[in-house]
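Structures for review follow.
Here chain A shows up in two complexes: once beside chain B, once beside chain C.
Right after this comes the complex of A and B.
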């Protein structure tokens, strides 16, 4: 076989591989959406789950997922901003900084079960938060912090150093330069990273099984006082999220329509992740136009 | 004191802001480092208790095959042999990487060398989307599609290493693919031009020039995928069968470190041997993720020296 034929053969093989992958991935998405979407009705999205009979929904789990997400992001966004700013603007090049970077890298590569077990030990048992939204949010923070921090750092580092020099030349302190000039310019990148991180948090289950718990007690959606035990906002109640719910009903196998419910829930999860992805792109661009003078006229 | 002198000597508002901001950043970063240290301390202290407090032989723990921490064997030693789980974890990881690598690198070559326009328009968004799909969804698909198919083809229950491999393969495929694309794109354009100018065909260029100069990046991508597969818990746990037995073949129920951990930790009492043994499994997971990290660094260093 001469080289030309080899070239043709290799090209053919590569085409086959590429189309195989598209086939696998497309059938994956199609399977979930075709199986799941017919289940997704308003009723399904709002009624509570039922353990032993068919016809339950995912209302509470869906709410828990979003509430947990909001809490986790509320804690992790400021922390990662501070840490990212420090790493990109203040940290000197020495062994301490490289130690910090290494530990962030290690944290980001830890299996989520290990992070979850750590959260179980610290937040649930030592701090006595019990299986609660608060424990879950803290664990998700630990799980998410390294990636968000790296994202903030990279976004800040990509801003040209002329901007910093200009700020300093105007008599601003370094901190003011960072918060008033550099961060706004890096905001599109930071926001995109945050939204993608939110998508990751939304689908995480392994870290939550032993922190946010595996039960979803009934909620009273008329009482929004955070200290009331059945209040949706109470951060100390156990809260099974959507992803945990899918895992639990499949491994317990007592719910008669577990397959249908998980298909519906999976479809909801995937659509949510898709929305996070799309909005990350759109929001990043929109913010960029708004915060800087580029793009729209007169902005 | 005259006002000019005073304003020069006083700490300015800017300087105060600066100090406060710096402290704030330092606080955030120390918190992260503290958390990492705490994770290591707590997992290690619980995981090592099996060996110090309960006097289990480390070698026995790693090589014995019977896992039933509640009972004792004929010598009165608790049956904590973690070998089935260790073997299970390594088998699914290695198989998944073996299957995923040709697909991922093939797709990456397709996207960067063969048909960049179509590849970037179709394949890239699809892989990016799939990176974000939650692992329970993969587990659910494995449970409802892969396991029944294996049951039909090979008999038995369908749960086992093969099902775990397949689920992990699909799971790590997008990650490895997108990292391989980055590695291939980092190869300078003039390498390809020089090779083509010498009369090499496209495949010769890809095989002899592009792939070789991108090897460190591709290896990093594969190791990264393996690290992800090794630490994955729920998707594997749903399809592997969770029997703490040595896997005899690819379709008999088996278990991994993560699956036994997720199943067991809620059913044991803190501080008991059963619980400590599970923490030792967590410690193995932690150490393995360190090993993967180290590997990636070594590859990076070697690759950096060449160029």
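Right after this comes the complex of A and C.
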């Protein structure tokens, strides 16, 4: 076999492997969508779930998922930005910072069930937050923070050190250089990582079963006072999310149309995660173009 | 490599009456960890002149240049001792405000490093942070500095386009314009043309010759012809020591030290 044939063979093998993976993913996706999409109607997306009879929707679960996501990101985005900036731009190389980095790596590889049980013990029991959105948001922060921090740190580290030198050589302080030059340049990478993290949080179930709870009490969408017990914004109410709902009806659902509800909910979940991923890609590219070809006109 | 006597040096000094000195170092040492890169360099750089620093790779010339505006502060293991005198002040003292000092002693790097911003913003960014706000003033600053850097005619219609779309030579001249916009006293240039093609190099060299009227330039270069073409004084570095410092014409025709002679005539090493 000569070099040319070897090359052809190797290319062929790689193509086969790649198409196998795509085939598995595509058929999985197609299966979920074909099973679930017929069920997805406006009614399904907006009505509360029913426990014993057919015709229930996923309205409250869907709202819970988004609300929990927003709360979790509100806590974890600033924290991860601060930690990532510190690690990439300020941290000196010594035993303490390498300990921090190792801890982050270990944290990011913890199974979400373990994180969920930890959250149950700390937030639900110890801090007496109960099964609540707050406990859920905090546990999602624990779950997501290491990955987001790593992402911020890596995005910043990928910006050439020459940019930092350029800023410092112009008499800018380190803080100005980081916030005005380095972070804007790294923003596309940071944003992409955040949105992908959001997708991961949105689909998370195991960490939430013991923290945000498995029940979705009826909500009064006319009262948005966060202190009112049935208010959608009340952070101390239990809140079953979409992913937890899917797990629950598959394990103990007794409504007659459980299979259809689960399929519909799965389709909605997967579409949401897909949207997160696609928007991450689009938004990252858009932002990069905007940052580098300078959107500011006539400044 | 031949062993040269590092104790035998020939360093030109200036008297105050003869020539105003913009910057000088006295017994400057730079060490990275345990490794001493610069072993006691004493040099005076005259005002409104171009001084070149030449020497082979690893001779410490870039290290020396980077310590002049304390860029070595950024390297955790670097230790700089000795005096760097600027306007009667030792700027190597720990209590010096390095950010303020760097406004007076600017730097252009080996590889062009424009910010990922528009051409206009590249120039106005730092002056704005230092308090220049008026649009007219900023417009004026952009035009003058780009003209000084010999770039105005090429970019005047695309000021709000990304600086990253420029060619390497244009980017480097933009970086020079950006440094000049701070109205520094002294401009340090670390092999500013080494990443450029010959045509861009010659444009950058013309730019530097123009800048000499208003600024004191200290340039590190690999390229001996370049040093010979544009500089007034030349220092030859070898193994962390300044072996010879004299008028450029003297360095290239009648050097006092054997090592310099070998280096400029290509018999080095």
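The rule we apply is simple: the second predicted complex is superposed on the first by the 267 of 299 C-alpha atoms of A that agree within 3 Å, B and C clash if a C-alpha of one lies under 4 Å from a C-alpha of the other, contacts with A are read in each partner's own complex, and residues count from 1 in each chain.
As a working rule, a contact is a pair of C-beta atoms (placed from the backbone, for glycine too) under 8 Å apart; a residue touches a chain by one contact, two chains touch by 3 or more.
None of these values were measured; they are calculated from a predicted model.
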Residue contacts on chain A - larger count, chain B or chain C: B
Partner chain in contact with A:163 - chain B first, chain C second, else both or neither: second
Contacts of A:106 with chain B and chain C, given as first, second, both or neither: first
First, second, both or neither for A:173, with chain B first and chain C second: both
Partner chain(s) touched by A:30 [first = chain B, second = chain C, both, neither]: neither
Touching both chain C and chain B, counted on chain A across the two superposed complexes: 171-173, 176
Parts of chain C lying in touch with chain A, wherever the complex brings them together: 69, 71, 74, 76, 99-103, 106-107, 109, 111, 113-118, 120-121, 124-126, 129-130, 160-162, 164-165, 175, 178-179, 182
Of chain A, residues touching chain C in the complex: 92-93, 160, 162-173, 176, 180-181, 184-185, 291-294, 296-299
Chain A partner contacts - residues on chain B that touch it in the complex: 14-15, 17-18, 20-22, 24-29, 31-33, 35-39, 42-43, 46, 102-103, 106-107, 109-111, 114-115, 119, 122-123, 126-130, 132-137, 139-141, 143-145, 170, 173-174, 177, 201-204, 206-207, 227, 230-234, 237-238, 258, 261-262, 265-266, 270, 279, 282, 285-286, 289-290, 292-293
Chain B partner contacts - residues on chain A that touch it in the complex: 3-4, 6-7, 9-11, 13-15, 17-18, 20-22, 24-26, 28, 31-32, 78-83, 85-87, 89-91, 99-100, 103-107, 109-115, 117-118, 120-122, 125, 142, 145-146, 149, 171-176, 178-179, 196, 199-200, 202-206, 209-210, 243-244, 246-247, 250-251, 259, 262-263, 266, 269-270, 273-274, 276-277
